[in-house]
Amino acid sequence: MAGSSLGTMFKISTWGESHGKGVGVVVDGCPAGLPISEAYIQTYLNRRKPGQSKYSTPRKEDDHVEILSGVFEGYTTGTPISMVVMNQTQRSGDYSEIANYYRPGHADYTFDSKYGFRDYRGGGRSSGRETIARVAAGAIAMAILDSLNIHVNAYTQSIGPITIDRANLNLENIMQSPIYMPDLEASAKAENFLVEKMAECNSVGGIIECVVKGMPAGVGETVFDKLDANLSKAIMSVGAVKGVEIGNGFECATILGDENNDALYYEDNTLSKETNHAGGILGGMSDGTDIVLRAAVKPTPSIARTQHTVNKSNENIEINIKGRHDPIIVPRAVVVIESMVALTLVDMLFQNMTSRLDKIQEFYKK
Amino acid sequence: MAGSSLGTMFKISTWGESHGKGVGVVVDGCPAGLPISEAYIQTYLNRRKPGQSKYSTPRKEDDHVEILSGVFEGYTTGTPISMVVMNQTQRSGDYSEIANYYRPGHADYTFDSKYGFRDYRGGGRSSGRETIARVAAGAIAMAILDSLNIHVNAYTQSIGPITIDRANLNLENIMQSPIYMPDLEASAKAENFLVEKMAECNSVGGIIECVVKGMPAGVGETVFDKLDANLSKAIMSVGAVKGVEIGNGFECATILGDENNDALYYEDNTLSKETNHAGGILGGMSDGTDIVLRAAVKPTPSIARTQHTVNKSNENIEINIKGRHDPIIVPRAVVVIESMVALTLVDMLFQNMTSRLDKIQEFYKK
Amino acid sequence: MAGSSLGTMFKISTWGESHGKGVGVVVDGCPAGLPISEAYIQTYLNRRKPGQSKYSTPRKEDDHVEILSGVFEGYTTGTPISMVVMNQTQRSGDYSEIANYYRPGHADYTFDSKYGFRDYRGGGRSSGRETIARVAAGAIAMAILDSLNIHVNAYTQSIGPITIDRANLNLENIMQSPIYMPDLEASAKAENFLVEKMAECNSVGGIIECVVKGMPAGVGETVFDKLDANLSKAIMSVGAVKGVEIGNGFECATILGDENNDALYYEDNTLSKETNHAGGILGGMSDGTDIVLRAAVKPTPSIARTQHTVNKSNENIEINIKGRHDPIIVPRAVVVIESMVALTLVDMLFQNMTSRLDKIQEFYKK
Amino acid sequence: MAGSSLGTMFKISTWGESHGKGVGVVVDGCPAGLPISEAYIQTYLNRRKPGQSKYSTPRKEDDHVEILSGVFEGYTTGTPISMVVMNQTQRSGDYSEIANYYRPGHADYTFDSKYGFRDYRGGGRSSGRETIARVAAGAIAMAILDSLNIHVNAYTQSIGPITIDRANLNLENIMQSPIYMPDLEASAKAENFLVEKMAECNSVGGIIECVVKGMPAGVGETVFDKLDANLSKAIMSVGAVKGVEIGNGFECATILGDENNDALYYEDNTLSKETNHAGGILGGMSDGTDIVLRAAVKPTPSIARTQHTVNKSNENIEINIKGRHDPIIVPRAVVVIESMVALTLVDMLFQNMTSRLDKIQEFYKK
């Protein structure tokens, strides 16, 4: 089935494998008149590139984006925008070993179960390189949101046991932390923790938080295409994510109704909420306050420790995964989460435009 | 936008408001040849009906389902199955008060923001009664899964601070607990906790866990329509859910790679896993082991305590919500979560049938 | 597969069989604020009811529509509108004969091939009664178009060999002709032809033309969701239609480029075209002039003449179809074609609203 | 809106403009295990390349396809297949003139109406080069159909007033006729007609017919996603097509019921039909006999004759379109129609696989 597309009115279709010729995306439904350049897209891709810090693989992946269609004289034309990042080195190597066993925590076994065989070079379609396409498309979504004064910021909330102190949270810190933590004190501690676990040939998980400011109220559909439902799908579709929560999320299960409800009040003619446990979404629609959500990211499954698994001859074996792998996925995934949120918001903003007849009449009045 | 449909190959479209003429669902894409009766659907609806225990509203809602199409001589025909539950009492009442203010934790304000006005009688489209349609459709999905030897069981994992002890977890306990907890000791404690909070006119949240047994490996699509992504959307689309996790979920963020990876092994020619942190899903596809997921459910927002909010004249006011409301949503939502999981699994099982050319050739061989 | 839904932003899902409990439709994506009543919908349904003239079956089908959701205090709320027409007489009869053979020109054999069995009472899902749902939904689409000053008119262009003379074409004649022909002279001739063929127990086909006035330019998507492509699908999905053409349609295949091109010119600052061979659509988008299209409708397949066919025991047999069948489908299908056009136009108008960034910015400006 | 995708289970998304960097397509939902090569795809593209005969533009467009993903060791992997044809010469030229006026019969005016501006170099997205993407994807669909013993053949039925004589129709003639006519006598006449009209700087239309052999019965969905409805959309979405008909099409409007019905009979235990006016489709489902359909293709709108039109300064002007344009679109469109039919058939075959529970149970039996 065709599961490589996302969105209804603002739709992306991605393609490409880690060790094929490249990865890419077609963005369909981008409105005409948006200024876009390869240089702009590249700034987003650079945030997920490996080798940006010592906490990511030192592999050389100079991901250079090329726009093949849909942009004319610097502006989008309203037609599909095709973007491609060619794989610069056809990483050949010897994959005969990896082809014959199933790596724990990877999709090797499930791919073989589904398709009967798999592209065994690297992760194939389930490689982290697939997220290049999401980020390239996400950059376009971010530009649309920016033009509407809506701003999306994701950052590392925790790495293993180290969590940010909200008293120290400052979005301006994000780009100063090599692991994109908005609390530089926690960042330093987390870096130490990472160095320690890297030395042990182990890997680490963490939590990414994302905040959206400036979202108008009433966006999201009321039953299945709820804003939070579509955000959850988008975020859970990122490879290593195993949990999603909106607002206070799982905490809501442990507190009482009078604590959890966000009281409304007017101050200076502006509607506000005393708290934001709802994370800016009620009944599947934005309520005009900050949207807040979190994604739990598992530790990198590829580790250089001995692991038990099976091979395709139905034998129990021991393996040691070689190569240079990220000790943690979280920092490079921050821009991926940001992208998935942006892509979803644009689609829901677009879908929302036909909610009221008076607005449609105004749109088409002659 | 049309956000009241879910699914691609097995699709449901729901309609209806809490205080309108009724609620219903059209199930499109149900295969021909499935035995279905109103009595069977009713057994599922009865599990979400109010008044089943003292922990739910004593409101009388005798939800009787009627099948209007798609079933002939006891079997589905392959055409759309329309089911309706008429609202038996057109609850009139005086809604002038509720029409003028925004209840905290409810979708009143967001509805008005989106549509310019709202059906202010009860929750309208965002009422819990909307889930009747999900459960009626879910019952059909469960029957399909049953015919494929796939079994879905949801239950209450925790209520407020009271959580089941996995040593006591027994699926056969579920129907013996008035709050659907599979650990009867925890159930008794949770009931005491509920009684206490009800006396304080407060409400309580909790967590629902769902386990799927018998799922074949390789089901789910590899990028956006991942099995876990679509499950997350389906579950987060249920009104009061604020968090979703697969397998160990948020716990994965705090443990190390060698702890989190599930080692594979063969025993008696059967592939097994030493652990199931992945919750039965890798790379967005089922791995043949139990699928495990959890949903965080917020406390009922309607409470009989004084709350601060605003009215439509932009004034700050105090309100006391009257009426008979559930002190907790969790028990009645158990069958809703089960339904959303079942609906998603059927859709993904159907989508998966075109993954391999050899299987398609076999299907169409003459 | 779920093939009973149509539309992306304005979506309908239909259900029901000719001899089941009823037929109905869920309209999802109707904007809030549209005044709608059962009486209004009924005026459209009455146009397709049988027994309106001597050229349709005298069967009594008093199709009374009921709105079950989505309308509050006379206005649409933005939530799904569920409409149902119950079958008033559960027509029992003896279907054992029809159950055992395949009627020529009907979907009996294909239904059995697809589903393994069929609801053999009447046409089941492929009955003309299925179009009730299309017309009820179409009435809502017409109300939206009306509010935008867009007007859709369909009429009978030809019946068998009798075609209207365009010199006599007057839309005001349509409702005065029992067969909805806008040229009353041709209508009289066609009525005579029909009477003659009815006496011979035969049936007749014809062509329905549809004209849309007031459509803004630029509506339609540029590649697959072209306005003409989606109109063709909508129209060809009506049971008895075997051909669709836009503008001069098949005639374009026989004339030369300089004849076929529509020259543009300005007169009194208004852009006009010397001809309209394109039928108001260029490159899949409306050009601001009248949209013109035609549907070829086959003769009613149920005729009271001896026909050759086969039964389910693989025997060659002769049959005589009893019962009261329309001698011609065309007049009752006029409002169905009008509905399919209206449904498509609304969906495309809605999809078009995100074509330009400046318009989106204006929509969301705070 | 995102109108550049087609299909549900077998989905294509196209991109690219005539004078941009290239055109391409992502095929999502192709099953794993299909042998595919660039050389194979190229054979289809070569059939639509210009310069294959003196009846097409002598422009040099050496369309070379490259497969970027989804194929591993010669077989499809089940993941998206991305194919690209780069535009070899960045045709610069001076477009200032064409940028300022609207060519009759082209989408210039409608593009500007929709998007506010357009890529004025050549036809942009509405250029015939967009069909390259359809044909590359269609080649994959043809390979799938071939593996199921289903065969699709399109050919030129008529050019201007010259129509094939069905007595002379031989599919083996198609590739021997430079204009793909299966009746070589008619082909010679049509060539003379073309030469004559080319000398007059005019252009010519025609009709393409397509026949599908080997289609199993029961494929197609019963209401909106009827096989003929989806075929009509696919074919009408091809730029120059203005009419579509199934079986006898518009002829059905002029004949009587007893003539139009196709009588069924058994001969040698094989079900047959005395005629095939239905074109192999009844009730929207294939009936197991040949599927027959036709598309009316308009004359090339670009002609070197003086034409009246308007410019963007609202002035009436005269133009002469320069450049080397095809005098007829039909022959190069034959493989495009074949592709659109193949793409639709594969999607409908895939959707059909969940029609019966017993077949689903067999598919998933352990």
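Things to note:
Order of writing sets the chain letters: A, B, C and D. Residues in each chain are counted from 1.
Following the convention adopted for this analysis, a residue touches a chain if its C-beta (ideal position, glycine included) is under 8 Å from a C-beta of that chain, and two chains touch if they have at least 3 such contacts.
None of the values given here were measured: they were computed from a predicted structure.
Following the contact convention of this document, A, D is the list of chains adjacent to both chain B and chain C. For chain A, the chain with the farthest CA centroid is C. A separation of 38 Å divides the Cα centre of chain A from that of chain D.
Mean C-alpha positions place chain C and chain D at a centre distance of 26 Å. For this pair, chain A with chain C, the centres built from the Cα atoms lie 44 Å apart.
Residue positions of chain C with contacts to 2 or more other chains are 1-5, 8-10, 14, 29, 32-33, 78-79, 114-116, 125, 216, 222, 350-351, 354-356, 358. Chain C contributes residues 1-6, 8-9, 14, 102, 104-107, 109-116, 125-126, 130, 158, 160-161, 197, 202-207, 216-226, 228-237, 239, 242-266, 269, 271, 274, 277-279, 282-288, 296-301, 303, 305, 307-310, 314-316, 351-352, 354-356, 358 to its touches with chain D in the complex.
Residue ranges on chain B touching chain C, taken from their complex, read 1-5, 7-11, 13-17, 20-24, 26, 28-29, 32-33, 66-70, 72, 75, 77-82, 84, 114-119, 124-125, 350. Looking at the complex, you find that chain D touches chain B at residues 8-10, 29, 31-34, 76, 78-79, 144, 147-149, 216, 222, 349-351, 353-361, 363-364, 366.
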